[in-house]
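So that you can tell them apart, the chains are marked A, B, C, D and E in the order they are listed, and the count of residues begins at 1 in each.
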Amino acid sequence: MVDTSVIERNGKVMLLAYDQGFEHGPVDFNDKSVNPEYIMKIAQNGDFTGVVLQEGLAARYYKKESDIPLIVKLNGKTSFQGEEPLSLQLCTVRKAADMGAVGVGYTIYVGSQYEEQMLVEFSRIEDEAHDRGMIVIAWMYPRGKKVAGRETDRDVVAYGARLGLELDADFVKVPYTGDPESFSWVVRAAGKTGVLAQGGKKTDWENLEEEIGGVMQAGAAGIAIGRNVWQDDNPNQVSMKLADLVYGNVKKENGI
Amino acid sequence: MVDTSVIERNGKVMLLAYDQGFEHGPVDFNDKSVNPEYIMKIAQNGDFTGVVLQEGLAARYYKKESDIPLIVKLNGKTSFQGEEPLSLQLCTVRKAADMGAVGVGYTIYVGSQYEEQMLVEFSRIEDEAHDRGMIVIAWMYPRGKKVAGRETDRDVVAYGARLGLELDADFVKVPYTGDPESFSWVVRAAGKTGVLAQGGKKTDWENLEEEIGGVMQAGAAGIAIGRNVWQDDNPNQVSMKLADLVYGNVKKENGI
Amino acid sequence: MVDTSVIERNGKVMLLAYDQGFEHGPVDFNDKSVNPEYIMKIAQNGDFTGVVLQEGLAARYYKKESDIPLIVKLNGKTSFQGEEPLSLQLCTVRKAADMGAVGVGYTIYVGSQYEEQMLVEFSRIEDEAHDRGMIVIAWMYPRGKKVAGRETDRDVVAYGARLGLELDADFVKVPYTGDPESFSWVVRAAGKTGVLAQGGKKTDWENLEEEIGGVMQAGAAGIAIGRNVWQDDNPNQVSMKLADLVYGNVKKENGI
Amino acid sequence: MVDTSVIERNGKVMLLAYDQGFEHGPVDFNDKSVNPEYIMKIAQNGDFTGVVLQEGLAARYYKKESDIPLIVKLNGKTSFQGEEPLSLQLCTVRKAADMGAVGVGYTIYVGSQYEEQMLVEFSRIEDEAHDRGMIVIAWMYPRGKKVAGRETDRDVVAYGARLGLELDADFVKVPYTGDPESFSWVVRAAGKTGVLAQGGKKTDWENLEEEIGGVMQAGAAGIAIGRNVWQDDNPNQVSMKLADLVYGNVKKENGI
Amino acid sequence: MVDTSVIERNGKVMLLAYDQGFEHGPVDFNDKSVNPEYIMKIAQNGDFTGVVLQEGLAARYYKKESDIPLIVKLNGKTSFQGEEPLSLQLCTVRKAADMGAVGVGYTIYVGSQYEEQMLVEFSRIEDEAHDRGMIVIAWMYPRGKKVAGRETDRDVVAYGARLGLELDADFVKVPYTGDPESFSWVVRAAGKTGVLAQGGKKTDWENLEEEIGGVMQAGAAGIAIGRNVWQDDNPNQVSMKLADLVYGNVKKENGI
């Protein structure tokens, strides 16, 4: 098993996600956040243990000598796709490694009619990344008619988390189920695979605090969060408050 | 032909199956059985001749120095799929071998409209596994509109078993037809390929005893069983009683 | 061009076909014929110039030191498929050669909507087999809505035979058109590619004699026959009578 | 660019096409023309600059020491296909070269819903053939609902011819548009790619003379013709008259 | 990152596009423009920093010793395709390099139901081209039901441009949004990836001037234009006027 400590602090993970330009388009951005350099500063200055980028942003904005670990998201799809999404590999593991990534990410739309195709592609990526000693993170997102309306249900989310374990992912990124008790079942279903909660749409701090607090209380390994940070007027402040929730009392000292 | 004795005792096979987390999701589990370490103890202490795991569980929970032989299930699908299932390879034969497996498993949904695709993929896996001297077990499960309502019929089950022989599987795992006479035709159709009956859903001991008794009376090579063991309050006791039925009077001595 | 004499006697071919366990399932078998060892004895003792088996039967029942040449049928499908069949490669040419085969067989369902896919796969197999000096036999079976009701028509059968020639098959196996005159057009359409008639369902000797007599009268290269032999109570007797029709007055002496 | 002079005489091309056995079946043949040896004699004795065959005929009837250059048609489909045809590669470029071919042919059904698939396959074949110094001829045949009723329209035929140029074919074979003026636009659209008109169904000499005369008047590189030659009672006479139209006053002397 | 200066002048790009013969057919051409030699003269004499051709035109009309840089368009489709276009690779990167190209182009139909397939293929091409040090230009064209009527909307065009950045394209070619303000958002969304506006259908100079002026005012990297140049009676004059708009006051001196 690969060493995951490079993206951990106090045993916990807090990733800054910035793949929304691909998944949603620039509609998620304002004049500041449309600029990847703005995000890279947040990643550097905030308390994150890693940043998640697609290939092009990694190639043109990420510096290897940076002290923020890089996760390259390998697949992607646009928001023009329909109810049964299919997201395929757009960057090789080798390329990610060449750009300095310590890990790779891949989304599996659990419940989509194209689910099996993504399971197959993920399984090959997982092999290759682990052979290179890279961390493998599976975005396990429930989608499609089979799970419509149940995307954050305990059993559906736990199923996705379990698949991550059965597929030998090091971490799964899943939606929060809404309360610590149900989410702790998700964490148990994932076994030795760490569970990261996704941040989701921008919400106010009270909601976010309750959510992330519940996530960590349930025993999750951490979070991967984007819009709630870089859509905020004060992203560094948000990131510090999140760090308190995720890492507990540990303070940042010399890098992560 | 490969040597199958490594998973045989008194010429018979009794495998502990634990791939349900992938195929059905954690709904099959309770607080104990959700933990693969609990299952690994049952596999070690029970009278099994092997344990069946998906790649991730094998990688994170199976120990090569263990005295329970490992079968890695190479393909898988979720319960979100519809009436015509397609299950594809998610772990390479090489990876299974690297993790210490003595054999590999693969499900063919006989009757599914995607049947041919699985036949093709199985045939490649069979070649590679046999080239490595590994045991090949084909899960031959009738599914789909063409066999709906006939999934345990003599002729349907015997067809699946025969396909296993024609495809050069060492063992087929099939549903029980319900009585020893019809199941003996299944066994004969499989020729030199051994027939393993699946355990299926949890039932009480009387039913299970009659079923497994009939399976062995029909000349089967053994069973592959999961829920009836690890959903039971006393899995070791169940496993010992099953061993009596499968191996006959032979008692466990030094490992399997 | 490869040497085909290894499966010829007096320039004629008489193959024992036993791939029905795959194509139809064990329903074609009785207590005797379900056992491949029974068939292997018929193949050895009868006047056949070769036996046709799927990979698994060849691997587990065929002996290289046997004096009956082996043809491995490389593709197969179950009877669960619908009106537009697709049969794909399930055994490599290399594996067939390793098991001692002198030739390979492949079915193309002429008229099926998947026809082109089988033409493509056959063309690759033909290349590889001929590169190894192996005999290539194409089962050219009319199927699907486009030829429904015309499966044994002169023009449809002749088209299939001609395709075999254009694809560089050494032999085509086709259904009989019902009379020598129309079948002689099939033979001419096939040019230097030899034509083998299929045996089909069990019928009485009078019908069979008239059919095979017509086939040979039309100038065919021979027959490939299964059920009419091994479903008969006296398969060796049937095979001897067939040999008279196929080889003419030539008697078996030292093997084929 | 490859040297095309090997299939030219007086700078013009006249190919004998005999791939109809694959594309239409033996219905196009009579007792003479069904025999490829009959065709090979016409090819040798007539004034053709090349003969077009599928792999099987080339392998079994073409002699390398022959003085008629060989073009192997690499893809093919049967007449059982529907309105939107798909024709795929059935012979490798290497095999064609091994059999002595100086060029290869490939059909793209322009307008078919499977058009893109054939464009892709052609592009790979073109690369490989040109790397070997072989001549590449693209059959650009309008087909499918999108061009129904317009298969010989100036703009449709010119589009096909232009695609041949854009794809780097040495020659395109297209249907005649019916008059020299419109066909001269086809020729101009093809630029440095030579245009060959197809012969089509058997017609009387007056029609054929007017058609081929118009083709050459439009500046075409020549013709590829089959049925109008070998379905004729006197194929050598027809071929000589065609040669007059195609090559002008040049007479055959020492081979082509 | 590759050096893009070879197709830049004063930091700006002005490409002559001539792939319409493939995409639209010869209907876009008149007696002059149908001839690629005519276009090559315009490319040489005009103020362009590169010319865009499909493989066949590059192979037969482009001279390596030419002083106009070559971009080979790698994929293409005909106008016979329907509302949801799919355009696939028809020329290898290696072949483009062999012909002297400094860059490659590839169209992704953003919004098409086949979008993902093109994203995947582009990502492989991008890797290979960048490994060879070649410039990568992505044609990001909104198409299909999902974006119907919104093909030039700010958010749709900006999404396409952003995808180009996320995919690591050096330049994207996109439709103009109609006004400099909205187009400047497109430019910002593309970040370090340069934005080229497409020329589109022939229009009069006033419209064209306003459009290209707006494009450059928005901060674009330049334009890729065809019909408005070579359909004009005086293409060199148009190209000079365009050069003024694109490069500003810089005059051509010694080649580009």
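Everything that follows uses one rule, which is that a contact is a pair of C-beta atoms (placed from the backbone, for glycine too) under 8 Å apart; a residue touches a chain by one contact, two chains touch by 3 or more.
A quick note: this is a predicted structure, and the numbers were derived from the prediction, not measured.
Novice: Following contacts chain by chain, what is the lowest number of steps it takes to reach chain D starting at chain A?
Specialist: So the least number of steps between the two chains is 2.
Novice: At what distance in angstrom does the C-alpha mean of chain E lie from that of chain D?
Specialist: The answer is 35 Å.
Novice: Between chain B and chain E, what is the gap in Å from one C-alpha centre to the other?
Specialist: Centre separation, chain B to chain E: 57 Å.
Novice: Pull out every residue in chain B that's touching 2 or more other chains.
Specialist: none
Novice: Which order do the chains take around the ring when read from chain A towards chain B?
Specialist: Around the ring, beginning at chain A and stepping to chain B, we get A, B, C, D, E.
Novice: Can you list the chain E residues touching chain A in their complex?
Specialist: 1, 110-111, 115-116, 119-120, 123, 127, 144, 146-147, 155, 158-159, 162-169, 185, 188-189, 191-193
Novice: Spell out the part of chain A that touches chain E in their complex, as residue ranges.
Specialist: So the residues of chain A in touch with chain E come to 19, 21-22, 25-27, 29, 31, 34-36, 54-57, 59-61, 76-81, 86-92, 95.
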